[in-house]
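Each of the next two complexes has subunit A plus one more chain, namely subunit B in the first and subunit C in the second.
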Partner chain A sequence: MSDGNNILRVNGLKVHFDTGRAPGGGRRIVHAVDGVNFSVKKGTCFGIVGESGSGKSTIAQAIMRLVPITEGSVFLKNLQISGLQGESLRDARARFQMVFQDPFSSLNPRKKARAAIREPLDLLGIGDAKGRDEVAEEMLTAVGLHRDAGRLFPHQFSGGQRQRLCIARALASRPDLIVCDEPVSALDVAIQAQILNLLRKLQQDMGLSYVFISHDLAVVQYICDEVGVMYLGQFVERAPVGKLFAEAKHPYTWSLMAAALSPEAERGALAKRPLLGGEPPSPTNPPKGCRFAARCPFATEKCKAEPPALRDFGGGHRVACHFAGELEPPIPELKSAA
Partner chain B sequence: MNTDTLAPDSNLVPPPAAKPDHPLRETLVIFLKNKAAAAGMILLLIVLVGTIFGPALYGVDANEMVWIPLSPPGDGTPLGTDYLGRDILAGILVGGRVTLIVGAVSAVMTIVIGVVVGAFAGFFGGRVDAALMKFTEFFQVLPSLLLAMVLVTIFAPSLTTIIFAIGVVGWAQIARLTRAEFMRIGNLDYVKAARAAGARDSYLMFRVILPGSLPPIIVSSALVTGASILFEAGLSFLGLGDPNTLSWGLIIGQNQNYLLDAWWTVTCPGMAIFVTVLAISLIGDGINDALNPRARKRG
Partner chain C sequence: MTDDTPFLEIRNLTVEMKGDAGMIRVLDDVSLSIRRGTTMGIVGESGCGKSMTALAIMRLLPPGFQITSGQILLDGEDITKASEARMRQLRGNDISMIFQEPMTSLNPVYTVGEQIAEAVRQHQGLDTAKAEQRAIEMLKAVQIPGAEARLGSYPHEFSGGMRQRVMIAMALACQPRLIVADEPTTALDVTVQAQIFALMRELQEETGTAIMLITHDLGAVAELADDVAVFYAGWRIEHGPASAILRHPAHPYTSGLMSCTPRLRLGAAASGQGPALLEIEGMVPQLGKMPSGCRFAPRCTLADAHCRSTVPVDTEVEPGHAAMCWKTKAEVLA
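Up next, the complex of A and B:
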């Protein structure tokens, strides 16, 4: 893990929220993120997938230091950003920026596009006034907007254009890392492709690294180099993208894939797909065994009693399941590959 | 995902190069088209012009005995005389200055205290919020007129004391409103985005969140100004105003014993208060309609 090539290292990250008194005495603690490790190599994209409430957005906000970190550490190259406070944290912010999910709420409606892109530079005191305007125009062009678009207000842009604007803003301070929190899930499918291609192109041109959060496996498969699958605040499986889509080993990953696979296959097969019912258990009081046991079709007594560790299956493929590798994947596409 | 058929980077051209369409412009147009608000503006303008230039133009000293006491309107003076034979119209013109100044200054004080307390409570939350809100509640549960009367009695009635008393008793409501707005807007993504871009707390509070929460604060500021004028009149009426400076409330208070014999002594300054507060309320409603997007769609 101490590879000098890593832009970002996240070690044992925990984010717990105190939501007040529990009915039976004590506090009610939401375990939003509960012990997550990963690292992002320079110039690559690390994807985090999972359903709503799995804690993936909380990871993004914890890396960005927008929510307090309960435990664990986050390193950007050699800088421990999880330990920074006040002005030193502010100074470091130029190096890691974020693109939010909803381009309609993440732009200040009272700021023109140029001012929005300049804002990080203004706040962090990078360059002089003229230079900042030049950077703003340069970034507008870089994200495929007209260089004169800077004089317009956010409400005069479409959703896709707004997201380009958000990307331009994130790029303005020349960061090493951009955290993308579901950057395309609020957009039309055609626009999604444009934004993803733009992110890819910028990654190549500027040597950027991404943490890319999504609930859409197809999107993750397209843009990421390595993927972590999250369930209830923890990774259940982590692998390079090719390996994950060819030989996924965790039942939860299978169910996500089954839900995402195109319905063009035989209609009869759809009914046999291992789609999950029900809701994930409450993160306030996570089960003490495997967190997925209550919804897992393969669960045994052992799963309910003992939490599985992330075991290494070679080639960077890690799975947190007691029976990983022994179970038969119920998806024909995976079976043929295995 | 099939992306081959799509142009990777369409060079998106901005909409036609018309003048940048500022959201405020639209609001202003809606406000000016509102007939009630326009009426309010005209009334307020009349009141302001009357109190600023009126005394000089009319040229009668409001403190002089100029005519027979308690003579009715039209009988020598336009609006009659009070129990000492002073001209009521001159009193209204001069007294308006004090009333409006006290109303405006104490409203500003109310709003500043309310916004600052509410902003800190809403922005920092947790213990700061709990402490500030307990403090606010303390002022909310006290009967405000009684508190103002006590304050004025303790510190001897003067303009400063009265302004201070009105300012101190009225801010709680503004604080609650500001707090609620700060909590709502503080959770929006663009505030998080500004923090991620390196914004300090002070920048977030007063440059990012406050502008967004201004609409409801402006509306209630108008109402607070009206209420402050009424409050000042009330205190003066009760004899707690500054006895040396003429105000509308003071004229009413001094002549209250003659209400049945000389209605004009009380009714005329009363009408002045009524018109001023009405004008401010109409303007406040107009601003509210112009800023409220739901009301906007109904046209």
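Up next, the complex of A and C:
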């Protein structure tokens, strides 16, 4: 973990939100992120998958310092960004940028494309006016738009082009890390493929590192090198991408895989798969034992009483399940690999 | 419960919108039919006319849009000519709609029970007590735990998945013969989506209702649909049985959609880099700026001068499976 190659290190990250007084006295604390560790090597992409409310976007916001960090630390190379305040935080912002899910609400409708891409440079005081315009044009071509497109307003672009603009804006300050929060979820499948391939190409050309948040396993498999599966504020499984999809060991990971749809599947195939019932419990009062126990078909008394540790299964594969490695995966493809 | 007589038949439907320079076609000569007890998947990118077709069936087109030609036959009755009073009878009773966003399509100031009961009171003339009973039955049918207790809950007290169940309960309350579901699970998590799809299939088997499923997800089509219609830029460019279209698409646009959908590779298949995702270059043409000839030609790798100049005709590639393309034969053989 102390590899000097790491762009990002997240240690014991906790983000709790105080949502007011609880009915029976005390406070209502939402445990959005509850003890998360991971690191991102230079030039790689770390994926975080999970359902809504699992805390994956909160991790993104915590890295970006958009929400207060309750506990833990975030290092960008050797710089502890979790401890920065005021001016020093502002200066560091050039080094980590973000791409949001909705390319419609994340661009100012009254700013032309060039001004939008220049904005981080303007705010951070990088370069002079002429230099900034040149960077903006360079970024426009890098993301596959015409250099003259800088004169247009956001409404003159399609959704996919707008997401390209957002990527160009994130690239403008030459960051080490880009945090992408569901960057293709709002796009049509044809456009989604364009953006995924663009992110891959930029990664190769510029040596970029990504934190990539998505609910779509197939997308994560396509673009990520390492993946963490989140449930209720914690990783339940974390592994290099090849290992995760070949040898997943956590029942929650299996249930995500079972629910995935495929154009090649038989009609009604879902009915034959082990589908998860119910919904995640509230992050306000997370269960004492394993957080997944209430929905887990394999859960025992032990699971309900004791939280499982994220155990090492070799080759960077970690699983938080008391019975990991002992359970028979309900997905036929996984059996053959085990 | 399936039979071959179409319950809904759309014949040569054209919908136009008032533009700055005259009328703009948003749906152009679209025909399709849905058999009783079956599901028709409508696929395409945003802006291709999928939702417009749904709204035309419901006769809920936004202001400025109108049906300018064609017929929509619901069990033989042409509803493009139906009066507003007749439409109010049909909506809810015979056709109902499930919208994409369950948060904005429920009224936040009424309880869920009141909203379901209102539908049955209005349409089936049940009294208050019977309507409430019906609402409880429906909430049970969509597997909401503690249905009696949840009747008095407001929409904000439900999760997204639960709200979509409420929407489905409401849509089913009057036992419609056709449900138009516009991206019903797009806003939901995958595990919840799987639950909703399983529920829709089960309810269809019990009630024999026909479903029109609008989606951009070919995986959802494979899971639910008997038949598929693919839309592009206001045209229905391919239609046929779902299994045929997903196994051997005849239109280059459909095969393009197939090859740009990322596939999950599990087990032994997960090792190494997967195949690169192909892209469909460019984007859907803007309304009112349609290219002459085939509308897909500017993005099509197979297009030639003929494609660019002449509107393609619907060509049958196998019984019941047709594509609007000059190159379909070449594509199928390739």
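Definition applied: the second predicted complex is superposed on the first by the 329 of 338 C-alpha atoms of A that agree within 3 Å, B and C clash if a C-alpha of one lies under 4 Å from a C-alpha of the other, contacts with A are read in each partner's own complex, and residues count from 1 in each chain.
To be clear about the criterion, a residue touches a chain if its C-beta (ideal position, glycine included) is under 8 Å from a C-beta of that chain, and two chains touch if they have at least 3 such contacts.
On a predicted model such as this, the values are computed, not experimentally measured, just so you know.
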item: Partner chain(s) touched by A:79 [first = subunit B, second = subunit C, both, neither]; value: neither
item: Partner chain in contact with A:115 - subunit B first, subunit C second, else both or neither; value: neither
item: First, second, both or neither for A:206, with subunit B first and subunit C second; value: neither
item: First, second, both or neither for A:106, with subunit B first and subunit C second; value: first
item: Which of subunit B and subunit C A:259 touches, first, second, both or neither; value: second
item: Which of subunit B and subunit C A:194 touches, first, second, both or neither; value: both
item: Which of subunit B and subunit C A:294 touches, first, second, both or neither; value: neither
item: Contacts of A:29 with subunit B and subunit C, given as first, second, both or neither; value: neither
item: Partner chain(s) touched by A:169 [first = subunit B, second = subunit C, both, neither]; value: first
item: Subunit A positions touched by subunit B in one structure and by subunit C in the second; value: 161, 190, 192-194, 196-197, 218-219, 221-222
item: Residue ranges of subunit B in contact with subunit A within the complex; value: 1-3, 6-15, 17, 20-23, 188-190, 192-200, 203, 208, 211-212
item: Interfacial residue positions of subunit C with respect to subunit A in the complex; value: 45-46, 159-162, 189-195, 197-198, 201, 216-226, 242-243, 246, 256-258, 260-272, 274, 276-280, 283-284
item: Sites on subunit A touched by subunit B in the complex; value: 61, 64, 66, 90-91, 93-94, 97-98, 100-102, 105-110, 112, 119-120, 123-124, 144-146, 148-149, 151-153, 155-156, 161, 164, 166, 169, 173, 190, 192-194, 196-198, 201, 218-219, 221-222
item: Subunit C partner contacts - residues on subunit A that touch it in the complex; value: 51-52, 158-161, 188-194, 196-197, 215-219, 221-222, 241-242, 244-246, 255-271, 273, 275-277, 279, 331-337
